[in-house]
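Please see the structure below; I have some questions.
Order of writing sets the labels: A, B, C and D. Residues in every chain begin at 1.
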């Protein structure tokens, strides 16, 4: 009870809970699940873009994409480390990913079919991720908050590069412009779904907000994203694929249509276009790498033995 | 002049083609740390390729951009050494190839810092630090795999055996190179080969791996004669760019 | 009109993309007899694709040739069903996919012989014999593998499980198809599906294989939304043609 | 002795030795080796061209190449069958190929790097093969002679298609013409080497001629090939890469330079550009197919058992 009171005080004070601090088990479990899901999203998110590293149409874009995918691997590393401060093991988290016991962001279950998709991912998906994550850099769990600071900085760089790449397409040939519009058409709604279900269908949100893990509701963040992104689409001369989209002059916010929450539910449940492919690819990489990890462990053990002998 | 352009293009294509191969590892590494490391190596090589290609376009008088050189040349115009284009194979073959290539690039770029060509000297000054890291990283893996488990020793030896014959081409000379050496543009390959031998031998000894004894030394890359693997690599690399002639990205 | 062109293009792309996949087996079959058989199937499909593509260029008013349609369209313009573009996998997956596809094509082409479109009717008259052979051949292998060794049963079941969800797309309808059905150009997919079910079920029973129960039914190919595999297939297929704009071969 | 006399009489008469006829063991062994090598060449020869099936730049050429590779598999089948009439087994012959105990034509150890190479292989390599093989359709061993009749008919079709494809390139864009010349430059000398070493370095030729297996010497066939092919190159507007090439007005034959027989020896010994790749690819295909062949055998045995039960 004393520990609970200390925890409550830190959270109420907007302070930081650190790994050695006492914390409620439910808080710890929620954080593990959320940080792991976040880490998995970075790792799985490498696939749709990694898919284009070898096909990027200019060397400058290739280098930027290369670096972005590398950053995502790096983010995965920070985030798994942050999760490990909560007493779990990266290998176990990866097993949970491979066995479907833990999730990753639904957005990565949509295919990156064209170069424009890759740019749209930078613009929209990283844009949405930043909306979600900037508040997390003030979250109540210290290691997660600190990881978020670095992740957000890099992702905001990625988002700008994605937008810049979309700009090149939108200002390009007719085929490039069509490719850009097509990417927006396919990635717009899935991007809105990245903020999660509507507030009235998000039962755990209130508790996460009380714990200082979540700072804004799903619908608040979604509104921010729309407000920030629609003018960017207009700047690009692209059409947001939502006939209900309209600027409410009074509030200054955009009103917009309802995402297809049935589709969202299907993708969360595993039936998106690429769920099976993403997990199978990840498992294959993990299995293909097993002999390497075993060798590294055997070698380290042998050298350690030699040093102590 | 044309010799410096031709020599620079060789270095550029070496870096570009190997960077392309390393890009195939994206999201497929045995650990996340290796995802970072493999992409890091590829990104360094890609950076070298870009500076060198841009310089080729100036030197050869065609004014071609880095992208025109990368995306609009045909297979027979690429002058990378064949070792760069070999398939990635498994992780053992990837690090074995990287060891052989980086062990060549470290003394090469160290020497090129003194090149009479200012671009080559500048690229080398930056690259020498990068390739030293690549060499350390590849060597550490070759040792871990060679002196790891029975399976890892078998695999890395098989990978080494597969790529080894192609290393000889890195030290070949021809008229272009001879003139570049004479002009102080490029280093003489003979001492590079000695450095390479001692570096590689030390790693193989530490890894308990067998130095392959084959005398087969395939060649042709510097004349644009490649293995059948390069065509597929270029198809993948160039397809989008070729599909949109004149587009800016 | 445009509907017939759109429908013909679907059939053409189905045949072209699967022919391309089968071509990957060249010189890699488990026996020389299978080298012949796999290439024979691919060659039949390629022949169908060529006639159909040429017809599309007439019907849609663009005058595009078979080669312009095959080599100069982008990924989002291809309207094959996704099942055609899936990787070949091992021999078990290859024959499992072929079973599912041929068991659809046999009643399809049988019905198309009565199409009100003369080209479709003529293509179907020839193709129906070809796809019957493909079906017999694929079915015989699915049975041999399913009722072969433990390993072969495991592999062909895995191949079947991997491709099965994609078969549903073959029987989807949309406005274009509905209008083609109404005009007697194309057969109604519902009875095709019944024929397909009974054909496939009989083969699976004979092969002692489990009919997958998944309800996941990926789709999009007819709208040009594909799996990430198609882009690589097109890069390989189109690279030489794209590299030489305007050339005649 | 009586058997030997009967055999000698058949050969002297230009008759056909059939599988049930008595024949000298050395004759049988020579035939097995030669037919197996010929079959292996068909099978290995599928690789450099099969390599271009997926990349052919027009659908018509793709169909032609597809059919050609299929024909080569068919030729392999006839030839292994012809060898089997001599009491050997296809599986053993394939093992000998995979283990390097039997050879195949050296020409397939050169890479097919461009589309023009594929056309040059049709024109030059099939052209040279026909020169070698037409006389074999009159060879003393019946099954081999009959297989050759069919093989030669198809190969002469392939040769014409290859020449036609080269013509399209030679009449095409500057890049296509350069590609055609480059292919001729690289395939000319290896094609001349397909006829084997010079007569004075071909110790077994005399015996094969006495046995009616060989009808013309290596140098005679090479001369025929040069005489037939040089005018074709001229028609194409391409330059044969031989500075010593000259038409001898008196004899009507071309005089030509000496192939690099050291290179030939290296390639025969296994050190050509693609020897390792070709055999490794073939072995991999064979190993990858092992489970399929085992399944077919197991299934056939089970069904046979069910029928007899």
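We adopt the following convention: a contact is a pair of C-beta atoms (placed from the backbone, for glycine too) under 8 Å apart; a residue touches a chain by one contact, two chains touch by 3 or more.
Since the model is a prediction, treat every value here as computed from it, not as a measurement.
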* Which one of the chains is farthest from chain C, going by Cα centres? -> B
* Centroid spacing, where centroids are CA-atom means, of chain B and chain D in whole angstrom -> 36
* Asked: Could you state the distance in Å from the CA-based centre of chain B to that of chain C?
  -> 41
* Structure fact -> Residues of chain D that touch two or more other chains sit at 51, 55, 175
* Asked: Which residues belonging to chain B are in contact with no fewer than two other chains?
  -> 74, 235-236, 239-240
* What kind of graph do the touching chains make: line, ring, star, complete, other? -> other
* Structure fact -> So the complete set of touching chain pairs is A-B, A-C, B-C, B-D, C-D
* **chain B-facing residues of chain D, complex** => 48, 51, 55, 111-114, 175, 179, 182, 186, 270-271, 273-274, 276-277
* **In the complex, chain C residues that touch chain D** => 16, 20, 23-24, 26-36, 39-40, 42-43, 46-47, 49-50, 53, 66-67, 70-71, 90-92, 143-145, 147-149, 151-152, 155, 236-237, 239-241, 244, 246-249
* Structure fact -> Residue positions on chain B within touch of chain D in the complex are 74-76, 215-216, 218, 220, 225-228, 230-231, 235
* Structure fact -> Per the touch rule, the chain B residues reaching chain C in their complex are 74, 232, 234-236, 238-240, 242-243, 245
* In the complex of these two chains, what residues of chain D are touching chain C? -> 43, 46-47, 49-51, 53-63, 66-67, 69-70, 73-74, 76-77, 80, 115, 165, 168-169, 172-173, 175-176, 281-282, 285, 288-296, 298-300, 302
